[in-house]
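Common to both upcoming complexes is chain A, partnered first by chain B, then by chain C.
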Partner chain A sequence: MTEEQQNSSPQQEESHKPDSTMKHIVSFAAMIVLTVAAFYIVMEDVVEPNMILPLLLFFASIQVVLQLFTFMHLNQKGTAYYTIFIFTGVIIAVVSAVGIILM
Partner chain B sequence: MASDAHTNTNHASNHLETATLEGKNKVLGFWLFLAAEVVLFACLFGTYLALKSQTMSGPTSMELFDLNLVIVATALLLTSSLTSVFAMSAMNQRKLKLMQFWLGVTVFLGLAFLILEIYEFVHYIHLGHTFMSSAFGSAFYALVGTHGAHVTFGIIWISSLMIQAQKRGINTDTAPKLFVSSLYWHFIDVVWVFIFSLVYLLGKVG
Partner chain C sequence: MGTLTIMVVVALFLAAIVLGGYNKNFLERVKGSTVWDWMTTVDHKKIGIMYFMSGIVFFLIGGLEAILIRLQLMVPANDLFVGDIYNQILTMHGTTMIFLAAMPLLFGLMNVIVPLQIGARDVAFPFLNSLGFWFFTAGGIILNLSWFFGGAPDAGWTSYVSLALNEYSPGPGVDYYVLGLQISGIGSLISGINFLATIINMRTPGMTLLRMPLFTWTTFVASALLLFAMPALTVGLLLLMFDRLFGANFFDYTMGGSSVLWEHLFWIFGHPEVYIVILPAFGILSEIISTFSKKRLFGYTSMVFATVLIGFLGFMVWVHHMFTVGLGPVSNSIFAVATMAIGVPTGIKVFNWLFTMWGGEIRFTTAMLWAVGFIPTFVVGGMTGVMLAVPPADFQYHDSYFVVAHFHYVLVGGTVFGIFAAAFYWWPKMFGKMLHEGLGKFQFWTFFIGFHLTFFPQHFLGLFGMPRRVFTYQANVGLESINMLSTIGVIGMTLGTLAFGINIYRSLFIDKTKAPADPWNGRTLEWAISSPPPEYNFAQLPLVRGYDALWVEKEAGKKELTPAEPLGSIHMPSSSYLPLVMAIGVFISGMGFIARGDYSMGIFGLIILGIAMFMRSFEVDHGYHIEPEEIEKDKGVDA
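So, the complex of A and B:
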């Protein structure tokens, strides 16, 4: 077991670490901005009431895309199958949810 | 672990979690699981949105929800998603201590979120908003409660993986497990984004 810890020399990954951390922080900041925007339009009454739902869905969707492609690493190589799986799920999910709401 | 030799033969990206076939399969299988979870939550969201006005003269969402509490809960969960991604970078640099630190912060933020949610539910029950009080109540607790159950499970899961990582170190056996638990944690945050948008914020619009 201990040899793994000795093996754990950090030099292997060091080179591409800073910019991926940077990317995560930028995407985190974008999520904060989107969250604040969502609370703002509801709390401050700045847009027409019938525009609130589309805007909330829009902000939420961007946040989800950011989570998937930066935090959950779908931007990396070799993730095509993961993307196919999750988006198939999303399509079935949207159909189910809309079906239930309209029922 | 003889399999450790594979670690360094991995192509340029050098990701420990997909360094072995078993690790790759775990991650692939987990995405399939997440796709199923998306459908589960979508059905609960659909049910909630269809029933949210059926309050049976009990308290409405307008009267109940306190957005300040929701802002704090959102900040906690969103930050925990970032610390979880930091833990995964530390893992891929084979820095056990740093990884354990970030995982610890993630679990701590998750616990704080959970305590806030329990407080919120207890508060609502005192106001007469229960699972049995109306269709709105049932749909609300089914949706938000399922999310809370996921947070609870995530906390237990990540904590036990921290113990395992402490014992065994970061290797091709523990890395896929840690990575998959981090995906789960991000997924919990994704669901929360929709809960605060479609349940709490929309509930205040009426």
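So, the complex of A and C:
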């Protein structure tokens, strides 16, 4: 598998290499900062208590976007399977979460 | 730490004794030994066989527990196993059968057969495959070690809180459940992801999605269910672990937690789980019925559609396990309707099987007998399922033996019959030997009659008011004769299982005849290669020209598949001992956390896992190649 991937996209790898490495490092750093920030706002009383949950969800949604587009390459072609699976997962998660909250 | 050192030393001694002394060639001889080969293998066929064999071992353990349960319930007011020990046997029977028997048996079949059916040389991630197996094994061993160290879990296989919290279940029993299942669950999740990636990426040229055999399709859907359902269990077990080990209060309602939350999380996982174990069985039976009726599967696309629909609806019905919790009439009604809706795609499947047999040239081999026996048995289980889906009626059936009868009809009549059918059908492909048909038929009839004798009367036990999970009942309330009948039926199932054991022993150690490549006049790709297949499966990847790929070629009068590539050197993954090390790491960690008090062993195990992961990340290993000359040589030997 890995060998095949390396062979199939050599030009792409080379032309984007510095750019994509930077992108990965930046997103990785951003995700660590967001995670630390999430712990920080819960552990220290820096924001109002009723703001904690919305803020956590906001941090989480940024992380999801970073995860999907930098590390799972959703901005590239040929992602039909990912999209199907992600949407199925989202639907199931929403049904389950809404079910638990409402009942 | 002391125990660990002793175990390592004992293991070294044993290896040295078996291999003839400790000297400078010791390490080389260890690496050359068969045991080492199997422990470090990343070959999907060997991992599949190990999955299957460990599944059989756990099936026997779970079966023994079932015999003990029925012995206790044989006569009223019996005092063979009272109280705690009965609860432990009952809990371990359920947990073992679902998580440690049904799942690995199916994973074993999937591992061996799916890559062959889609024309692949291995699964997408051979290393992960091995890792999944060893994690599963570590979890299974942890669960069963509970018998010897501190008592088995005794809160039921659903492990409902508050019963499963420290206050009501002191002692390590439930800790074994939590950590054992967590570890084996990670293994299952890894395997599920691996199957998904394999089926999406590794299909041979021409194998479009709608040409895939039905076993591959059901494996695909079941793996997707695993992917989405396992996280719910993981979260639930994690919260329960924090409650029990670290004093959190997620489920303790006196501290503001919620006991219903556990039920939700468990059943959001638990209901898809029953489809995870039944859907592959559906796939197996579709293959077998089609092969032994010598007909194309009736309504192939509707079968695929029904499989996907069952998988999707499987997530929308979990509350039907919780009708009596008191969530209100609206939620009960919604989930009742959703539950009954699942009957529709399942019905489609049943009729498709019947129409496949209709007018077919039926051969009643053992595999076909299991498949034919499956249909009425499963229909009974499905019908009682629809009865249970009606909330007002469910208030009467709930927690009675009616439920026990229902789920044994679907799990034994569905999954176990399917697994036995698959064992007889694919045994030659897995081991290169045949199972004895006569013994197989003896097994079928004893098991089939014994099964119905055991579980059919239990419907009436439930209707007469006997609750499930209790260790005894009173005399003179009309339950004695039915319970006695039920216990007598166990003899049949035991005889059948023993016959299967003898059959396995005979085929592996006594029978010297080799199985032909295509003993059943098969229709799918796995029958085009020798039994057992060579390490690389296909010397040349085959070109698939239609559904039932091999049958299409047979119809065209060809002896072999059309190759899709020239003969060339084949890239193979090299075997690795790291999955085993990682599994040993989590095993030590799990036992360390169960021991409570001092967590140094738990952390030590995690450090082993971390080191192994580090080594894996920075290991440069490109595998090896099998050259065409060797492949030609193999072919010569076969001919």
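Things worth noting here:
Throughout what follows, the second predicted complex is superposed on the first by the 86 of 103 C-alpha atoms of A that agree within 3 Å, B and C clash if a C-alpha of one lies under 4 Å from a C-alpha of the other, contacts with A are read in each partner's own complex, and residues count from 1 in each chain.
Definition applied: contacts are C-beta pairs under 8 Å (C-beta built on N, C-alpha and C of every residue); 3 or more make two chains touch, one makes a residue touch a chain.
All values derive from a computational prediction rather than experimental measurement.
In the superposition on chain A, A:Q67 contacts chain B only, with no contact to chain C. Shared-chain residue A:I86: touches chain B; no touch with chain C. A simple residue count on chain A separates chain B from chain C, and the partner touching more is B.
By the touch criterion defined above, A:G78 lies against chain B but remains apart from chain C after alignment on the C-alpha atoms of chain A. Using the contact criterion defined above for the overlaid structures, shared-chain residue A:I100 touches chain B and also reaches chain C. Shared interface residues of chain A (contacting chain B in one complex, chain C in the other): 1, 3, 81, 85, 88-89, 92, 96, 99-100, 103.
Interface residues of chain A facing chain C in the complex, by the touch rule stated above, are 1, 3, 81, 85, 88-89, 92, 95-96, 99-100, 102-103. Chain A meets chain B in the complex at residues 1-5, 7-10, 12-14, 17, 20-21, 24-25, 28, 31-32, 35, 38-39, 42-43, 49, 52-53, 56-57, 59-60, 63-64, 67-68, 70-72, 76-78, 81-82, 85-86, 88-90, 92-94, 96-101, 103. Put simply, chain B touches chain A in their complex at residues 1, 4, 7-8, 13-15, 18, 27-28, 31-32, 34-39, 41-43, 45-47, 49-50, 67, 71, 74, 78, 81-82, 84-86, 89, 92-96, 167-171, 183, 186-187, 189-190, 193-194, 196-198, 201-202, 204-205. Chain contact summary for the complex, chain C toward chain A: residues 124-125, 196, 200-201, 224, 227-228, 232, 261, 264, 268, 312, 315-316, 318-319, 327-328, 331, 571, 622.
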